[in-house]
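Take a look at the structures below.
Shared chain: chain A. Partners: chain B in the first complex, chain C in the second.
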Partner chain A sequence: MSKSILVVGGGFSGITAALEAAEVGHEVFIVEKAPFLGGRVMQLNKYFPKLCPPSCGLEIQFQRIKNNKNVKFFTMAEVESISGSKGDFEVKISIKPRYVGPGSVDLSEVIEKLSNNVTDEFEFKLCDRKALYMDVPFAFPARYVLEKENCTDEDLKLFSGVDAIDLNEEEKVITLNVGSIVYATGWKPYDVTKLSNLGAGTVANCITNMQMERLAAPSGPTSGQIVRPSDGAQPKNIGFVQCAGSRDENHLNYCSYICCMASLKQAQYIREQYPDAKITVYYIDLRTPGRYDKFAKRILADDKINAVKGKVAEVIEVSGSGNVLVTVEDAETGIKAQNEHDLLVLATGMQPSLAGVPVPTGVQVDDQGFIVGGEEQGIFAAGCAKQPLDVMKTAQSGTASALKAIQTVIGR
Partner chain B sequence: MPEKIGVYFDQASISPFLKAEDIAEFVGKVFANECPVIKCHPRLNTEEGRKLIQEDIDAGNVDAVLICGTSPRVDWDIFNFDNVMVERVNLREQCIKVFRNPDGSLPDPNGEVPELLQIMANEYVKMGLMKLTKGGLSEAQVINSTKVVMVLGGGFTGLTAALYAAKTNHDVILVEKEDTLGGKAAGMYKTFPLAYPYLEAHVTGIEDLIAEVESNSRIKVLKSAELTTLEGAPGEYTANIKVGSISEELPVGAVVLATGWVPQDTKYVEPMGYGSSKVVTAAEFEAMVKAGKMDASSVAFVLDTRLSEAQFAAEEETYANRSDEEIASDDADAKTASDAAKANGEEEEDFVYEDMESYKHLPYSSELSSLVALKQANYVRELNEDGIAYIIYDHMMVPGVNERYYRAAQDDPGIMLTKGTVTSVTEEGDSMIIAASNTLLGENIEIQADLVVVPTGMVPTTAHDPTINLVYRQGPAFPDLKQFDGYADSNYICFPYETRRTGVYAAGCVRQPMTMGLAREDAAGAVLKAIQCINSANHGVAVHPRSGDNSYPVFNFMRCTQCKRCTEECPFGALDDDEKGTPKPNPSRCRRCGTCMGACPERVIGFDNYNIDMVGSMIKQVDVPDDMEVGGPRFIVLACENDAYPALDMAAMRGKGWSPYVRVVPVRCLGSVNTIWIADAMSKGIDGVLLLGCKYGEDYQCHFVKGSELCDRRMENVADSLKRLGVEPERVVQSELAIDDYDKVSDLIDTFVNDMIKIGPNPFKGY
Partner chain C sequence: MEKDIRIKPDLQFIKELQAVGGDGVKKCYQCATCSVACPLSPADNPYPRKEMVWAQWGLKDKLVNDIDIWLCHNCGQCSDLCPRGARPADMLAGLRNMAYQKMVTPSCFGKWMSSPKHLPKLIAIPAVIYMVIWFIMAGVRGSFFPLKDGNVVYGYLFPGDFTIDPIFMIAFGFMAWTFYRGVKNLIESFKDQPKVFAVGDKSERPSLLACFVDVCRNELLTHSKWKECGETDEADEQKFNGHRFIMLAFIFLMIVTGIVAVTHWGGKIIPFLSAIGHTPMPLWHPVKILANVGAVMLVYSLVLLTKRRLNQDESQHKSSYYDWYLLGLIWTIGVTGIMCELLRLAGIAGLAYPMYYVHLVAVFMMFVYLPWSKLGHLVYRTAALTYARYIGRLPMPVREEKTFTL
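Right after this comes the complex of A and B.
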């Protein structure tokens, strides 16, 4: 029997679950696929409705991890298999080599000398980075990552004198014995290439809402300047397409919960940067429940922000200008219109990270990839792995899963 | 207090701009007695470097460690040593990387060490030594806590919470006001779906839940019971509970507040037709169905609440914009009424709770109203084969997975859903007519129905009553309820259970209108926080955000003048006082922010590991040249360690820099800044003090709620004292700095420096 808890996923929900359990004295392991903890929220510029930076809360969480010896975490790590049962799981974890050891060093000089540029996935392909990188703000752990496969032989020679880098590191598999497991694997943005009528990701100035977050973030590719990807021009007439993939039987058969509030928040980013910019939000319903109503009313009171109830039928590029032409039917007037925007933002939905990927035995998912059931087996889902939620509810869910995981390991 | 400090320099962080040996030599000269061990290492943050330090500790050569090199935000996993004090001097990020010559140029890595950089580094190391010598390891103040969780409210959330706590091996007292358990759920015919596949409403299962609670030996159920007072502190509360006419005193460790909601006053839905016999609220409709008395065959659910909202918002605005005469007249009326009451012998109450119910509880409840309408539309279909339900909405507020339930309703031909702006709801003969514009059909429509159902606004119990009835110096209720119109919610997005009252955790609809599915999760979360709080009290350590901190504020009562500032300012109401006004600390309520320490004009409050003398002494390490023209000015930046400090680190990593005349001193929270630090700095000739703290006001970001706001107020007061001293009050500036303002902070500091230089040298220089 083990009284330890495994948390799969080091995003906001997973970190919360781990800390809340650790702070009542349980040993907790976090397994995170990415090189850094923080997950999806790290890519956000601000949270709605307070418009406060996610790093603020994450920094406190990292501080709590630093001060609590009960929390142990593995990055670049994934669950390979789960065996055993409630109270006595054996979990195999594979850990990819990072090639950079612990101990903070400044490698910026050697990075500059590297030859290849690699597409930066953290920035949603809006820019490149080098093969040795630490591309997230307030990175935790503050350790670089090296992608050996993206280095030339010349590059590899550069590392020979750098004692922080060990090119011989190899992938390893470790085994953890735990009593219960929290799955907090979070979400991924819905793949725009599947949205063929909305440009399928081929229209340069038609970006996703997550790309917008990076454009607006001071740590992002433009240092926070919201500009068109095609030519770096300042947008003056911006459109938002809600439910890009969500509430659609052909894509995601649920509502992604956060996109309406996210678009209103992003409208605010634009209005702050460009006082003359005009914004149109195309929506089916504006879902701003409960305490978000106040925020929605405030944003929509702005006469430069216009909300149109209507489903966008088509998005195409206007040749020459790089503008985006939107075909929309106004649901109230029935008038079909074509509107031109110089920047269009698709409010792409939230898809569970487990959608379309193999999951270990013991973890059950529904047809969309959300975790269902499993609690009686000692495996608990938290946050957006279970259903689409905002950050606040994700934190609640993480805390709740910690209690359930504790209940499983303490026995009675 | 440590006697043998080991000072270790990380050459990898310091070279090539500075020479570790030079700083080591300086320390050896000035602090020979305090620092028996001074070592330089080529790369200290390695296994080998760590071993070097550990060996000195093990050999008893050092009893405290000062590490000079990387930022304390990194390498925490390497430099953790048990049973000795460890302090870090951030030479890499906030000294060397940010250093700029007075003309703004970067130092030459191959040239001579700039004198100003050497001075800066030496001073930061001296500050680190001060921090060590003025601090000490603290011993936790342990409370022998009682492991009882009190759950207030025996509805769905409360019952669920009670079971969670009991199953986590805690005894539970469940307090229910009514004579039966079950709350609102007991009156429901069904609930909308709570689990996958989220398609059909089902029974609530409340009876089973009640039976499980009542048969659990760990749960003591008190029905017809009310919490009269909650005295004490987390881990050692005494709950005074009145059961019927008998009062009981029970020991309680922490509280889950699950008192739920009450239906909003129906006057708020009168503009939507309420008052007619054929218009009911959703709550009334639910009761009709439950009682088997629903026989209408066509029912219209009006979800568009703008008729009501517009009318009451207008009334509110008119009231807010009253003329001075009207205000005077209203006040006179109130006084007459109160005088009359007094004349009638009615006792004047000390405490009047401002009722927070308003029309705003309609939009707060929007998600539940939409889901309930879908559910009840299904009732209409279920109870009558030919039944027709209409739902007229502005926005169908069913976020997340409940979209599937909405879709299932759309598939039913007997449920007509339309967007619309409802313009009137009127009675016409035996039926009701709902007129709406802007519909999906593109025209104005009129719907005829037997019965109209309007939403029930969910008003949290805390909007009407303090509910938790704390016997605290700062009053019986949560202090910030107004921000969310009475909901006992948190203003933190990341930390939804954090409020200004340690030990009481709200769950369910008293916090936010929520579905039973989420309420179940919320109950689990709140229970964990309650258990955590009891556990922390039991170990004498702080809860969030300084979780595990075992220090606590120590008061020197001999010198206390009973001015009550600390008791009034504590954001968490941790301090009570006696009749004379002497503060009574309650360590388990305390979050260790140091606001009391900042507030105290007599400077009698401090922590073992953070105190007035410590920060004061650190500031004194800054050597102020007598002549500003020759040696340059000097400035102190007091930076919030939670947000401003990481922002400064990040700025450094992004290649930003600032004036070489600035010294950054991290503080726990701006709330802990005592004005004596400012006064001392000024009397030493420091040319300006910049305070960097979190945003305050409605959307505050301060992790201790009030810190930066209180500091700002104190700085207004410090202006007067500075004027008396003959120092320009403009020399003290507070700026809001969020953690992601890293690209702005260097300009902010340099602008401050330039403004100060314009004022000229501090007149106290050279004294």
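Right after this comes the complex of A and C.
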């Protein structure tokens, strides 16, 4: 029997679950696929409910992890297999090589000399980075990552004199013995290339809501300047397309819960930056749950922000200007119109990270990729791995799963 | 709100609509994707989103008087993109089916045509008529399967002048008269449609005739509007080509029938005419060749259309009884028609005459019940599209403005 707990996923709910269990004395392992902890919240400019920047919540969490010997975490790590049963799981974890050792060494001089550019996935392809990188703000662990496969031969030669870099590091597999498992694998933005009638990702000035977060973030590719990707121009007339993939049985057959609020929040980003900009939000139903309704009312009271009931069903690029033409029927007036925007934001939904990927035996997912059941077996889901949530509810769900995991390992 | 509007939902109507193809209607959440997806829907009050909400609210009056259901050519793009699987295309088809059912009296035909359980009655009417003729003529000829000079001659058992032609002329007249009343009812139902006023447009409103000519040119003969319905996958090709070929086949066969009728009856006055259209025709006869080409085209298009319906994804498009009735009937007409010719040439009287009998029954069913069948769209849609142009719901082709500067 093991009293340890494994948390899969180092985002907001995973970290919360891990800390709650660790702070009452349990040994906890966090397994994170990315090179840094923090998950999707790291990519946001501001997050609900209080519109804090991510550093606001996450830096405290990272401090708690640092100060608690019960928490051990592995980055660039994934669960390979789960065997055994409740109270006595054996979990195989594969850890990819990072090629950069511990110690907060500054490698920015080496990075400058590298030739190859790599598309930055953290910035949702809005910019490039080098193969040696630390692309997240206030990175934890504050340790660079090297992608050996993206280096030229000359690049590799540059590393020979750098002590922190070990090019011979190899992938390893470790085995953990734990009593219960929390799955907090979170979500990924729905793939826009599947939205064939909404430009399928080919229209330059039609961006996703997560790209908008990066454009608005001070740590982002434009240092917080919201500009058009095609020409860097300041947008004056911006459209938001709600339910881009969500509530659609051909794509995500559920409501992603937070996209309406995210768009209203982003409308506020734009209005703060550009006092003359006009904004139109195209929606099916504006879903502003609970206390968010007050926020929505305040944003919509702005006479430059206009909400139109009608889903955009066609997006095309205007050749020359790079503007985006949307076709939509305003269901209140019964007029089908083509409206031109210089920047269009698709409010793409949340898809569970486990959708379409193989999951270890013991973890059950539904047809959309959300984790269902499994609690009797001692495997608990937390956060957006279970259902679409906001950050606040994600943390609550992390705490709840920690409690269940603790109850499992101490046998009550 | 200037005035409160009290909605009186007609629940019975919703149930009926669900039964004829609109069963997805309650899934709709009014996102309006369908109105945008439709390549033909006008910008002002586009369909089918508004029809979906009317149907949910049970607004029967709005729906039965709606001209827009006839503007839809059922390409199904709205259903393909519908996020809820509410199948708006099938609902509009369902509304058209209801129109076929209720457009004209006697209403019993409309009811009988709406469900397979009444099919025996519909078959029985022509079956009895032609059976009586068969019995009488069998008595006259001395056999149920008589040969004339050793050959199978259908006109020998079912004489054209006294049995076939009078019955079909009455049937045709009945059909035409029914359609006349149907179109009158249809146009009457559109009286509350908003009229379009073009401000500053000095040109005159198009005449009904001009509208009709435009419909024939741009919709009927070339199918060019329908072609705008966009998609290019295999199923759409099957549908488009199938429909075009089947229409051409019918036109060919109509010409053949016309020539035969005109030369036969005209031959009573101008004797040499009767020689041209005398049946049975030899296989080298140009009219016979046209008839055979028409028959082959008919079967080919039936294969296309049937294949498409069988391969449809049921979650997005369902075929109704109206669809299958018509396909089944035309299959029967096509197959029995070809078999009649082959069996006649082979001289197998015992099979040829029963085959001819089935053919007669099927053709009778097509003509007499036509105004209540899906094929009624040939007349009703044409009328509605003409009227839609007349009141400005659909635009007439843009006149070319020629300006000469000297």
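Assume the second predicted complex is superposed on the first by the 410 of 412 C-alpha atoms of A that agree within 3 Å, B and C clash if a C-alpha of one lies under 4 Å from a C-alpha of the other, contacts with A are read in each partner's own complex, and residues count from 1 in each chain.
Everything that follows uses one rule, which is that a contact is a pair of C-beta atoms (placed from the backbone, for glycine too) under 8 Å apart; a residue touches a chain by one contact, two chains touch by 3 or more.
Remember, it's a predicted structure, so these values are computed and weren't measured experimentally.
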Which of chain B and chain C A:Asp293 touches, first, second, both or neither: first
Which superposed partner A:Gly161 touches (first chain B, second chain C, both, neither): neither
Which superposed partner A:Gln387 touches (first chain B, second chain C, both, neither): first
First, second, both or neither for A:Pro53, with chain B first and chain C second: first
Partner, of chain C and chain B, that touches more residues belonging to chain A: B
First, second, both or neither for A:Arg247, with chain B first and chain C second: both
Touching partner for A:Ala400 - first (chain B), second (chain C), both, neither: first
Partner chain(s) touched by A:Asn197 [first = chain B, second = chain C, both, neither]: second
First, second, both or neither for A:Gly334, with chain B first and chain C second: both
Which superposed partner A:Val372 touches (first chain B, second chain C, both, neither): first
Intersection of the chain A residues that touch chain B with those that touch chain C: 247, 285, 309, 331, 334
Contact set on chain A toward chain B in their complex: 12, 19-20, 23-25, 45, 47, 50-61, 63-64, 66-68, 101-106, 137-138, 141-142, 163, 217-219, 223-224, 246-247, 253-257, 260, 285-291, 293-294, 309, 331-334, 366, 370, 372-373, 387-389, 391-393, 395-397, 399-404, 406-407, 410, 412
Touch list for chain B against partner chain A, complex: 12, 43, 45-46, 49, 70-71, 73-78, 92, 164, 167-169, 195-197, 363-367, 393, 395-404, 407, 419, 438-440, 442, 484, 487, 489, 491-497, 512-513, 518, 521-525, 527-529, 531-532, 535-536, 543-545, 547-548, 642-643, 646, 650, 695, 699, 701, 703, 738-743
In the complex, chain C residues that touch chain A: 29-37, 41-46, 49-50, 81, 83-85
Touching residues on chain A, where the partner in the complex is chain C: 197, 243, 247-251, 284-285, 309-314, 327-331, 334-337
